[in-house]
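Below you'll find the structures, each written out as structure tokens.
Each of the two complexes below includes chain A, the first together with chain B, the second together with chain C.
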Partner chain A sequence: MIRPEKILPNPSKVKEAILAKYPAKIARKREKSMVVNDPKLDQEIQSNVRTIPGIITQRGCTYAGCKGVVLGPTRDIINLVHGPIGCSFYAWLTRRNQTDPGPDGDNFMNYCFSTDMQDDNIVFGGEKKLKQAIQEAYDIFHPKAIGVFSTCPVGLIGDDVHAVSREMKEKLGDCNVFGFSCEGYKGVSQSAGHHIANNQLFKHVVGLNDEKPTGKYNINLLGEYNIGGDGFEIDRLFKACGINVVCTFSGNSTIGAFEKSHTADLNLVMCHRSINYMAEMMKTKFGIPWIKINFIGAMATAKALRKVGEYFGDKKLKDRIEQVISLEMPEVLKAQEDVKSRTAGKLAMLFVGGSRAHHYQELFKEIGMDVVSAGYEFAHRDDYEGRKVIPTIKVDADSRNIEELTIEKDPERYNLRASVEKMEKLKKKGLEVSDYVGMMSDMQDQSLIVDDITHWESDKLIEYYKPDIFCAGIKEKYVVQKTGIPLKQLHSYDSGGPYAGFKGAINFYKEIDQMTNTKIWKKLKAPWLSSNKESSINAEYVSA
Partner chain B sequence: MLLRHTPKEIIKRSALTISPAKTCQPIGAMYAALGVHSCLPHSHGSQGCCSYHRSALTRHYKDPIMAGTSSFTEGSCVFGGQANLLQGISNIFTIYEPDIIAVHTTCLSETIGDDVNQIVQKAKDDGKVPEGKKIIHCNTPSYVGSHVTGFSNMVAGIVKGLAASTGIKTNTINIIPGWVEPSDMREIKRIAKDMGISIVLFPDTSDVVDTPQTGKFKMYPDGGVTQKEMAITGDSKATLALGSFASEAGAKQLDISFKVPFKVLDIPIGLSATDRFIESLSSVAGVKVPDSFVAERGRLVDVITDMSQYFYGKKVALFGDPDQLIPLTEFLIDLNMKPVHMVSGTPGKKFMERIEEVSGDLFKTMNVQNGAQADMFLLHQWIKNEKPDLLIGNTYGKYIARDEGIPFVRMGFPILDRIGHSYFPTVGYSGGIRILEKMLDAILDHKDATCSEIEMELVL
Partner chain C sequence: MQTNPCKLCAPLGASLVLRGIDGSMPFLHGSQGCATYIRRYMISHFREPLDIASSSFHEETAIFGGRQELLEGIHNVYKQYSPKLIGIVSTCLAETIGEDTQALISQMKANNELPEDVEVIFISAPSYAGSHSDGFRQATKALVEQLCIKGETKQQINILPAFLSTEDLRYLREVADSFNMPAVILPDYSSTLDGEIWDSYQILPKGGEKLESIASMGSSLATIELGSALDNSLSAGSALEERYFVPNYRMALPIGVKATDRFLDSIAKITKNPISTKYSRQRGRLIDSYADAHKYISGKKAAIFGDEDMVVGLAGFLSEIGITPVLCASGSMRSNFGEAVSEVVKDAKGPIVIKGNVDFIDIEEDIRMLKPDILIGNSKGYAMSRRLNIPLLRVGFPIHDRIGAQRILHIGYQGTQQLFDQIVNIILERSQKDSSVGYTYI
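Here is the complex of A and B:
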């Protein structure tokens, strides 16, 4: 149903009403994280700052970003969590990363590993137990690699996971053991964990194997985590185009692929927030350029593939890419047209991730829906405003605690894959070369952007806008649905997916159609509570 | 194979836990606090703890789970979390307006040694707690015990913070149901009502985590034990604590504070444990068991006699929490089934003692372990050495069930991939029928799917 007339609230008034509830100091702080968008202006939004205690945030911790997000999808590494049991338990299979180990490949993702620290480990230190746990993991599973993840108490009691890892790596001989100082209290959100994961993977794994790839067009896909099989759909398209994926960071990945990833000729960055560090470090050390792409949305997918064609500049490749696109698009357009007849004019809101709130707007646009408000959970200003603002971002105490690696050109293996002139030329053609323009310039005028949204704020947005669909995560899912509005999880996709690529786009259209048009939303009220049925009881008739 | 690296040969471990049959304390405290009306749980630690607990409980209940966090940063670890908690308390009362905040600690705030009692006192002294509002709290170090311990600690915290006495004794019975589902809590209240006994059940998550869809979100749903109800628990005649691991501490606290005598019973799962519950309730309250319960019991016994052939001698592997496993084991033995393998990550000697008591001679033949390294990896290895006919446990069991081709019944926490536990109780006589139905469905569906075509039967 197309809304006959959309009367949207004035976003400045909405913002005012939201802030009115807060104590003055909180209101002043939150005010800076809420921006009424004007895509033509350079507007600043406060982000990547501390969450105010008690505010009810969507955010998680650094450990979640490091172990859960970046390393979680790698199947042949044992992710050993050093800490009390909970941290490992909660990150056990809950993110829906699919992996394909084949009939006899290594796959430790279905297991959960922990040192299960007890009070005596807290008092007397946990290093001995950690060493023993690494030994036991090695003896039972003989993995190629073991990653050790620090939880909050580990940092506090001073266990040195890096020293233990070095010692055990040497002792075991054929197992790469390395640690992550990703205690939950570091940084201000999951984001710090992404950075720490990037650093350690780069230091300990990337570049260990110089074996050249066999394909003609060799790329890495960065920041794609194969939730609900997204990565498989993207791989299918690459294959159809003749593009060889050396390594995906980190959906369906293996340690072996990470080790060889520096042999690719181009890095494609999907989730800018979680993986841009890796792209930059590989550029500096190995001379691999990166471009920002997005496989969420059919048009975005076509654009992403064309960017790869443009980069390699080979007519044969370009033709093949066009062929794939023209083969895939008819079905997409058919589904689009069908679904659009029921979804056009509906309103969506997205509060999720460090990239997804931006990427998924493509899919909503394709079925005629308007995104009236959006924001990220753990992004930085560059994800909103574009990388151009990076030099102006003030580094605060929380960010300063996260190690920034100093990377230099590899004396032997640095190989500038494309000349500066070539990249400048590509930039002019609209490729985001080493760049990301951010979400705000893509969003419509007067849309309301909110960073690290609180429960109070989302509750008010729903009240004022009455959106047709709200996108966030599991904690928000039933809170929003209890207001009578469907919520689509865009972290783990509820039970659905893939949503990437062409087939994924069709899946998403259908999913949104089902969610917004399912009959049950019209039956929330008991019939006897409907106002037009008030005097329907005839006492005489009933008694007769 | 999903768990392709699990070897049959059991290698002794002393440091590595693989696929645990437990989680950490704070989530239990959060769940218990949700069982108090108009109470917002608050996690004093890093944001991730609160986020993980809310996510896990949300996935289990498919309902809103609201809670606040102190959002520790590196600075808070150095200077202590007092400033964060004070700010959190003030913001929660201003913005979210609960009647009560229930603060629990985490491994982080415990390790740095934050004194929550003192911080709460300071919040009161500084005027951050509005008139008539309350803060209750408990310590839940994640490196001690398990999620069950955290539940138990918060129950004691609820008693410390909210229980009171007028000095005049009443005939009311306090019931602490343990970590059970809202459906179970509802059923226990129904049983007491049908017996004509006035009770205060706490914590009570019915109508909190199983709320109706009405198109209106209530931050503080209708359910939960009220402050008014808690304020008379000190006058009650007695307390029945269901499950020693989750409920005894709260009952003891009521005894210490108000001299309310208590009795520890098993959670009424299965025939014998329900019999003891009904008889205890009847004798403590001094009421005769109504005839309707003879019929209720009879229906359960009837199903057992009718279906006995499918249960008799069947081997069962189980994992979960002690308070559930003890009466469940007893029930399985009542059915002439054979519990063969059992693990619980929750430590405590009492578990083994009670399992031995309810298992009798069978105990010698069983693999049972709890506490350190009593995990699902070990359970799976035992299963590889002796294959059971049925596996009972939380959702994580499905990986073992599929690899080994064992019928699987979901019971315990968390259940992430099926519904029902919120709505259909497993306690009481009718809850017993539900357990039978679930086991029969699993066993007979497996038989129908795997028997030869010749052996396929219409009537079972």
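Here is the complex of A and C:
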């Protein structure tokens, strides 16, 4: 089928209509966060700015980014939340990260630890309670490490989690204790929490153990959180290819693996937003280059594996990778063909995360679906426009609040894994080393890109595009489904997964097929009520 | 340290109450994470849209106070939602910095800074004091205190539920209807959190108790306040009694024959109307089923955990059917919890352990010792149920690993009947499974 050049309708009018409802000041602000995409142009999108009070946002807090996202999926660190009970409860397994206890059997994933701060702690300070909690956690579980996470009241009442952590680390002797100043109000979204988590892991854990890895091709996988078992599927592929994962940040990770992660020869960055700080710091201090990869989508997976082969440049490895790909692909293609016959031409919208809205477009492309509109919840401009814009991003007061570590070359352990010439060569082959081109250049002409979408905006856009599927999180799920459009959760995957790798792609195709073709959306109205009224759900998408 | 807590935070309960008022919007004054987390958590239970606004504090706000954000937020909510009520709930953050939110709102009202046709009320519910069920009561009480006005006595009753399901709330309305008596149910989220599929977009879900009805609660004949593990400081019923002399009938949740008898009797006495034969028949059938099944469950042991009021209600019911609630546990630490349980378990055989302020580590430890036949509580008991191989009946909140949490009827003869059948069947299934014979006819 020959597709017209402009496949998507021009959404400028609907954008205007959306903004018209806002008071002038807010309209001016939101205008900059909504861009009608032209992949050939360098367009700027406003992002990582404060959420407007009273507008229902998808965003969470700094604590959520630090404890919930980055440190949450680790399995043998006790993540102790210093604060009132709610914060820890709400982050208790809600992201559906999976773990495999491994031979040592340590797995605190199922636990939720809180100091359960009370009035008197707010008045008189909570450091004593925190010390007791650390001691108690140590006495009961004997963990190798304890991470202490600050919630809103902690910094305000003057509790010093870092001093307490240092003191307890010394006292306990064989347990690494480190704190995070990730109070909810710092920064404008969970993104600030990612940065804080990266910093503290780098400061307190990475580089503690210089033991060399045993594999030939040693990599770290950064920004993969093993939601719905994604990490397990990726690990399976690495194993099949003979690639050794020293450490994953941080799905099913261990403190031991973090400590040794600086011994890997290449960092693969999956979720650019949440983990690029770690990749950059490891590059500067230890000389490990990073490349952006994506294991969401079968072609993307093949591409990611080939990038690793290309980087190491070893024919044996490359051959093995090709062998794995050719072994996996027939089943993928079979599922793709089958599903595509029912999903081709359908429309998707994605408003999620700091990388997922980009990654998942691969899967939709593979089954012939068009992404009409997408946006991130907490990303920065580089996630949209590519890292080339980083020098031009204005650092505002909120970003300045988050500590930027000054990293220098490690005098003994710095080892440039790939020479400048090699990097240049790789670049010529299309392998962007330490770079990410962002989402916008990958999206169709005239698609609408919206950062930190509000309720009002998503409702209007649903009305306009009438998508066949909307991807976001559980907060959006039921409101979207009330209007007769299925919502796929891409934070925690509903009850599904994995969606990464080849097997994951098949899972995803099938699920999207089921969700977009189920007859339930046609049975919303009782027959005796629907005779005269035209049901909104049966409307067809018309291209402009 | 709390490990695997058996309680959630106060602003969650307060937000739920605000969702049970017509045209109302909860607004958390603090970091946006509170609103996001509470939404995501309650939505996983109710599986319905659930909006909560936030003033989105950031570092400066935390230092200099959030007046500007609060005002801007109220106006933005007003413009988007056209609500009738905005309930401002304080969070840890606002309370910790000593923000006098009540004073700010009064000042904004006095300066005519707020839109005219919306009620703005304040509920203090920091997470570091009490639990989600306390937040629920604090909000109910604050609403009554701020919205009620004294008027002529009206032929109506007040019903103040505990943290119950939407099906329970529908049942309460049905009971009042059966007495031909208008009832003000605060809160009533039976439609707002268990709605139908939409014809057209609803910015605020339909339903909820009307503001004018809430305003008239001081004129009602009496109040039925459900939940006996409640002291006056958290009681909206007591506030109505003190201010407007509306007699308050505080009682345990009507689970079981005895408690439901008391509930219906009280309404009959207040309204001077007879109990509908529908309920006498339901009662009769329930007792008949007690007789049919007593041999299967007599002497069995159960462990109950969850909100204090739910635990008290279940404990009374279990004692009534010959199951000993060997452990009655709650993550909350209301001082009269023990007393409230003791009062309803007088008929139970054998020792009963009652514990407040416990987490799931404590609960599991007790369960290992007490060896109950069944666990009754929320979804958070699943891990323990799996580890100990003891079946779990899911009740209360939160239930996020089963569908239909909103539609569990816990109360009345009918709700009791459903719980009873499920409990008996769980025990039968277990004995069938454990039997070497495999009886097929029981």
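In this section, the second predicted complex is superposed on the first by the 519 of 544 C-alpha atoms of A that agree within 3 Å, B and C clash if a C-alpha of one lies under 4 Å from a C-alpha of the other, contacts with A are read in each partner's own complex, and residues count from 1 in each chain.
Everything that follows uses one rule, which is that a contact is a pair of C-beta atoms (placed from the backbone, for glycine too) under 8 Å apart; a residue touches a chain by one contact, two chains touch by 3 or more.
Because the structure is a prediction, the values reported are computed rather than measured.
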{"item": "Superposition on chain A - do chain B and chain C clash or fit", "value": "clash"}
{"item": "Which superposed partner A:A163 touches (first chain B, second chain C, both, neither)", "value": "neither"}
{"item": "Which of chain B and chain C A:L327 touches, first, second, both or neither", "value": "neither"}
{"item": "First (chain B), second (chain C), both or neither touched by A:N107", "value": "first"}
{"item": "Touched partner set for A:D139, first chain B, second chain C, both or neither", "value": "first"}
{"item": "Which of chain B and chain C A:I390 touches, first, second, both or neither", "value": "neither"}
{"item": "Doubly contacted chain A residues - partners chain C and chain B", "value": "23, 26, 50-64, 80, 83-92, 94, 110-119, 121-122, 132-133, 136-137, 140, 151-153, 155-157, 183-188, 397-398, 401, 455-456, 459, 473-475, 477-479, 482-484, 524-525"}
{"item": "Chain A contact footprint on chain C (complex, rising order)", "value": "1-5, 7-12, 27, 30-41, 43-44, 47-62, 69-70, 72-77, 79-80, 91-93, 95-97, 126-129, 131, 195, 197-202, 331, 383"}
{"item": "Residue ranges of chain A touching chain C (in the complex, touch as defined)", "value": "23, 26, 50-64, 80, 83-92, 94, 110-119, 121-122, 132-133, 136-137, 140, 151-153, 155-157, 183-188, 190, 397-398, 401, 455-456, 459, 463, 473-475, 477-479, 482-484, 524-525, 533, 536"}
{"item": "Chain B - residues contacting chain A, complex", "value": "2-5, 7, 11, 13-20, 22-27, 42, 45-49, 51-56, 58-59, 62-77, 84-85, 87-92, 94-96, 106-108, 111-112, 141-144, 146-147, 211, 213-218, 345, 372, 377, 396, 399, 416"}
{"item": "Touch list for chain A against partner chain B, complex", "value": "21-23, 26, 50-64, 80, 83-94, 104, 106-108, 110-119, 121-122, 129-133, 135-137, 139-141, 151-153, 155-157, 183-189, 397-398, 401, 454-456, 459, 473-475, 477-484, 524-525"}
